[in-house]
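Structures given as structure tokens follow.
One chain, chain A, links the two complexes that follow: it is found with chain B in the first and with chain C in the second.
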Partner chain A sequence: MTRYLLRRVPSAVAVLWLASVLVFLVLRAVPGDAASALAGPDATPDVVAAIRHDLGLDLPVAEQYARWVGGLLSADLGRSYLVGGDIADLVADGLANTLTLTLAALLLAVLVALVLGPLWAVSRGGWLDRALTAFHTAAVALPTFATGVLLILVFGVVFRLLPTGGVPPGGLLDRVDITAQYLLMPAVCLALPVSAVLTGFLAETLRAELRQDYVLTALAAGVSRRSVVFGHTLRNALPVTMTALGLQTGALLGGAVLVESIFAWPGLGLLVEQGITRRDYPVVQVLLMLSVAVFVVIQLLTDVAHAWLDPRVRLGGAR
Partner chain B sequence: MNSPLRRRAVLRGVAATALLLATAACQSAVDAQSGGAGSTPKQGGVAEVGVNVDLVPGNVLTNSNVSITTVVGLVYEPLIRYGKDDLKPQPALATEWTAAPDGTSLTLELRRGVKFHTGRPFTSEDVKFSLQTYADPKWNGQLRSTATAITAIETPSPTEVTLRLAHPVSNLFDLLDTAPILDSETAADIGTGKRFVGTGPFKFDQWRPNTDLTFSRNPDYWGGPAHLDGVHVRVIPDGQSLLSALKSGQVQLARGVGYRDAESVANTPGVTVKPLDRGAELQAYVGINVSVPGLDDPRVRQAIGFALDRERIIKKVFRGAGYPTSLPWPKGSPAFDAARNGHFTHDPAKAQALLAEHGQPVPIVPLTYVGTDNVAASVAQIVQNDLSRVGITVELRPVDSTQFVKQLIGAQFPGLWTTTHSWAQFTPSTLAVSAYPFNARRNASHFTADTYTAAADEAWQVPVGGDTPAAYAELSKQLLDGSFLTEIGVVFEQLVLRDALHDVDYTRRRELDLGKAYLS
Partner chain C sequence: MTDSVLTVDGLTVDFGPTPAVRGVGFRIDPGEVVALVGESGSGKSVTARAVLGLLPGTATVRGSARLGERELIGAPEPTLRQVRGREVSMVFQDPATALNPVFTIGRQLRTTLRAHRRLTRAQADAEAVRLLDLVGIPDPAARTRHYPHQLSGGQRQRVVIAIALANDPRLIIADEPTTALDVTVQAEILALLRDLRDRLGTAILLITHNMGVVAELADRVVVLRDGLVEEDAPVHRLFSAPARPYTRLLLDSVPRLGHRPPATPVTTDTDALRLTDLVVTYPGGRGRPDFRAVDGVTLRVGRGEVVGLVGESGSGKSTIGRVAAGLLRPTSGSARLLDEPLEELSRRDLRAARARLGFAFQDPGSSLDPLLTVAECIAEPLRIHGVDGATHRIPELLDAVRLPATHATRKPTELSGGQRQRVGLARALALHPDLLVADEPTSALDVSVQAAILELLADLQRDLGFACLFISHDLAVVDSLAHRVIVLRAGKVEEEGPHDEVLRNPRADYTRRLVAAVPAPAPPLTAASTH
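What follows is the complex of A and B.
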């Protein structure tokens, strides 16, 4: 196992190094630079030069890269050009907000699927079937920006029931009831397409289960339909739905970028968008490297687990 | 008796009651934001402000976005303040001043009893520190050329300061109106956005990047405490979301609302649109790179001036929030001359005649603009249409804002560009020495002319407060003759307000002044 790790870890490190070089160079190939963005339209060239010097952008590219990587290796993520603060703080705040939003959306999506999926599975041909089909089609087809604007108009502007956006002034942990109201619309907006996909998936799996012989036997033995659905078929349908849920979690994280923008929810999506638009290289570099690192580490752990479970992988590699 | 059905019904009832009680116990986040409604003025309350861009702490000495002008307006104060309708300095942190007859020095008497938000007394050393900081290129103060003309700052006593100048500087008061007085002890924290300490009516409490800024009333403010308990500024980048927050009453003041959106929301009951039309004007313009073949002939550049339908652009794009102009000066400027201002009328025939005098076909001209800016995109399309009618083919080149600024600062535009500029509402010489597009020695147009440089210097190097109408007239003439940029019109930023927020004011740099504001 140790020999396997000694072989596998260097390749992961090589991927990370290559990614760091690519991220660093690609960002610098984008036209426009941070000093110009910071200087503004009335700046004279000497002002831009002073800002460039202050940010270290006048150093040779190799030196800039070495400084950045050196910082990363010593757990110093650097400072944002625009915000001026530590990137670690920015990323931590953004990550907490994005995870809160994504988790809330995930819970909503699962809740909706668990309620509507079985209902849809047992209501073939009726008005409920038609209504749920319409919900499924609309929720999957409607783009997030449209549902977001619609929700804001209805619940924020017309009925004035919920805040139109932002996070609570006192922070997410200050008042749970206030936070829930801020979270509700963005979470619903983000959860809607995922909940529709999960509902459809669960309903279809349940229908397949309901055609199994054991269901007919149970019904013939006098077990109620509700007990059969919730006591037996749902349990059997859940593992397959869990696999779909795993895939949809990625979609949730991706969708969060747009939802954060619509609802002014200060997560990683907004951070990346502003970082790219305004050439805040250090922030974008860290966020990109973070996503690469997460992927590489998960891949590494998966491979290690695979090798641990299956000796052929270890030995195959050794041959 | 104790059937499952009955037990279930009881449980459902208990659950429903608990849910109802929990809901009733929850405070509405909407009420918490809007602070309730009423009709009579009151002391206290927190004003909710929405802005479409976040703060950039490193730019705090510029007036480059609405978050910065909001922070500076609430927290900081300058030495003097211009009125909205003229350039007569009024006391702020300086109460009196005396200029040397030859214009090479200015002595200011400072207000006594003023304290920074930390409680430390304000002294002449803070003036020295603030003006020196403003002159440091890394802070990109837009009047830096004026600040660097100050050769020495003497502080004979805590309440007196003398500025020694390299030469007479006509726009010295512009600098004193613009440069915020900083607390030297905490100024190092400005760049990271941790602390902004000034002497203004509101104290800075906190900035959460991409989220909000909070301010509370300064109880020791020398001008008397503000009515408001505080100000909460929310960053809402999406235009529609900003508008929705305003319509729902969750923000009482929105900055950065587009012209079309402001026009549409103006009809909403309880909403008013306040143009910053007195002393805080902006100018929309088309810049011209005079080193490009075709555009190097002043007749072609003047033809562009006559080809543009300025009325249409102001009406259709800026929705009437401005007026057409041929020169940068707004109506309140001492350089404003109605005859010269109307020099470029919409006259395609005259434009074609000038192009005929040029005698050669003008090559295809690229027009660069910020593609994500709907206003700039609309202006660019109308300019393209107007120029095509007189025989100039324009190729539109949308770029992102950072790329645009880089090309502007680096004078890299391959033909025309369109954007807005400022500073024409100050002493006219400020425009020629501080606003980069007009800088006589180096500008984005690659335009140099000894006569223009001489006119700019003539207007600048006169004693502060000196009346130089002849110099301004010459400056205007040079701008029209050179036509290295073509003004479209004077345009106004607009504040969109709920009726619950009263007495909102602003400065010449479009800084938000809520010192006298109150909620009803």
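What follows is the complex of A and C.
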């Protein structure tokens, strides 16, 4: 397994390098100029030029790139144009909030999929089948900004049950019950499309597994239908579902940007959004690279989990 | 009547408007082996599954199946669950898929044991070891910790049988228990089943299409056809004096070893195919060594000669077939197809050379494009190689494989398995190939259909004179067609010679074992005296 992981390292490095080039070039291609945005509408060309020189934006693009990557490699994430602070500090501040939000959403999505997936797999043509199909379609199709606004409207404005946004005033760890109230809506909003995709995937995989011969063997041995589904097929469906989950973390990372802006959740997503609107390139670059890195690591973890769950991978192929 | 294990009476199963089983009745006495025999679609598997209530929800089941005094048809699920695995258990066809791949052997045995008995984990473990020992698995305690994929096919089927035996059932329903296995392994499993019946007195309902297996194991035979019982007779009477014409047809269709007069050897110096020291390796996955599928094979097929390539699974016969068809390049050694060296041919030359090669596949269902008509399927090679007048050739080709011209406009899915294989042959022969590679072309077919296809193939070969590399695991099929036979084992040639010598007086030890393992389609005479 260690050897297998080591073999994956070169491709992971290649992905990160390619991503760094793309991120860097795409941000340079975005219309608008960071220096003039910083200097403000009334600044003289001299001032803009001075700022540009100050930020190193007058250097050739290749050199700018080399400086940036060199900094990353020596653990210097650079400084924000606007806030002026160290990006490392900005990231550290937002990271805890974003981790809390995405992990809550991930947990929620997995729980929903584990409950609804098997139910959907065994309900064929009944009312439950139709209800779950409707849920699945709606949850996949509704964009996050629509569900977010709807949730705020219903639970925050009309019924006034939950706070409409922000983080608990005393911090996340102060009172868990209050944190839960603040966390609930953004987490549901973020989890909804992911849980629907996972539920659909798990149900489809389970249906395929239920057609396998070993299911008939178990039934013929007198094992009950329920333990066939939960004991036998679910365990077989997990490795592939794990892989699907790994791919869905990409959707979670992307969704976090929208959800954090909708619910004014001060995490990395909000930071990205602000960085883009204010042309704060260094911040955006680092955050995009961070999400690529997280995605690469999660893919590696997914493979490890897959191997661990499937003895055919873990103990070598069939003879 | 009351002492029978299972009494089936007037059993009828419908899937929507189509009846699958129409009033089937038979009985099984304690310790008796009853074979349910029939071709595909005869309703034999459906009958067995209906008894245990294991059919999908779309099936309607009527009639009666009594286990002792208890009625099983229409019984509630909890009652059936008590019966399944406790009083009646099942063994399925393919042990590779019948076991759950992610659980250890021991765990799967324990699940079955504890579904019916109150056992502690330690007791269940001990019982699992005893059962594995009972079915002849060496070092059973260590094996309980293994996963299915770590066992060979024969061992897996022994585990499936151990699971079936777990709760000491009165009846085992074995649905094609040896069909997915090699002949030598099949012989072992049949011996095991016979031995278990003798030692434990368990009755067996054996579902099979293989008359050889019936002759080896069954006491009584129930022949099914289109969901109806054709004949129900003791095994000796069935084989010696079948009462019904259909039973006779079934028995006559079974290819037998050594029934064909020795073929006149083909003497020609021109080669259709010549392989010299052929080696083909497949890369091993994840750090494992490469797999040598073919390990230094030298063989020759002369123009107009039919060479049978036989071997068990993993012997490399299909890999050689792929090289012979120009689909796979050798890792080392040389392959000359119709006097052209395969390793020197460019992609374009190879495509031109393929015009002189025909390929017939095992499964006609999946090797024909379901969206094309029969005529389009047959015309495809003609079109690809730019032959004019393809449309004129279709009726002629259909006629050659004895299909009516009206079938040209049908889709492959509207045809039966045998008809599809005829279309496959017509396609393979469309370009008048000099060499036909046929990889198990009849093993997906029923015996009566197989007999017709083999006869057709023999006639076509005689008329058109193409050379043929005929690949099969079935020694009797090869014996009925080939001039010469080559026996493969683990990628190496074990024996080679005229068909009548190799298959009737084998010199190599391995060939002798292979021939001995083929179940004879007649019950052993020694047992006859007991009936």
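One rule holds for everything that comes next: the second predicted complex is superposed on the first by the 191 of 319 C-alpha atoms of A that agree within 3 Å, B and C clash if a C-alpha of one lies under 4 Å from a C-alpha of the other, contacts with A are read in each partner's own complex, and residues count from 1 in each chain.
FYI, a residue touches a chain if its C-beta (ideal position, glycine included) is under 8 Å from a C-beta of that chain, and two chains touch if they have at least 3 such contacts.
All figures in this text were calculated on a predicted structure; none of them were measured in a lab.
K.L.:
For A:R278, is the partner it touches chain B (first), chain C (second), both, or none of the two (neither)?
P.N.:
So A:R278 only meets chain B here.
K.L.:
Who contacts more of chain A, chain B or chain C?
P.N.:
If we count touched residues of chain A for both partners, the winner is B.
K.L.:
In the superposed arrangement, does A:G32 touch chain B (first), chain C (second), both or neither?
P.N.:
first
K.L.:
Thinking of the overlay built on chain A, is A:E204 touched by chain B (first), by chain C (second), by both, or by neither?
P.N.:
Neither partner.
K.L.:
Is A:Y4 contacted by the first partner chain B, the second partner chain C, both or neither?
P.N.:
second
K.L.:
Contacts for A:L309 in the overlay, against chain B (first) and chain C (second): which applies, first, second, both or neither?
P.N.:
second
K.L.:
Contact-wise, after the overlay, does A:H232 reach chain B, chain C, both or neither (first, second, both, neither)?
P.N.:
second
K.L.:
Going by the contact rule set out at the top, does A:D76 touch chain B (first), chain C (second), both, or neither?
P.N.:
neither
K.L.:
Using the superposition on chain A described above, determine whether A:S224 touches chain B (first), chain C (second), both, or neither.
P.N.:
second
K.L.:
Give every residue of chain B touching chain A within the complex, in rising order.
P.N.:
Interface residues on chain B, with respect to chain A: 25-30, 32-33, 54, 56-59, 62, 64, 136-138, 140, 142, 144, 191-194, 208-212, 214, 232, 234-238, 240-241, 244-245, 247-250, 399-406, 408-410, 419, 421-423, 434-436, 439, 442.
K.L.:
With touch defined as at the start, can you tell me which chain A residues reach chain B in the complex?
P.N.:
31-33, 36-51, 54, 79, 81-85, 90, 93-94, 149, 152-153, 156-157, 160-169, 175, 177-178, 180-182, 261-264, 266, 270-271, 274, 277-279
K.L.:
Would you mind writing out the residues of chain A in touch with chain C in their complex?
P.N.:
3-4, 124, 212-214, 216-225, 231-232, 235-236, 309-312, 315-319
K.L.:
Using the touch definition up top, name the residues of chain C that touch chain A in the complex.
P.N.:
Listed in rising order, the residues are 52, 54, 57, 77, 81-86, 89-90, 92-94, 96-103, 111-112, 115-116, 147, 149-150, 152, 160, 163-164, 166-167, 173, 285-288.
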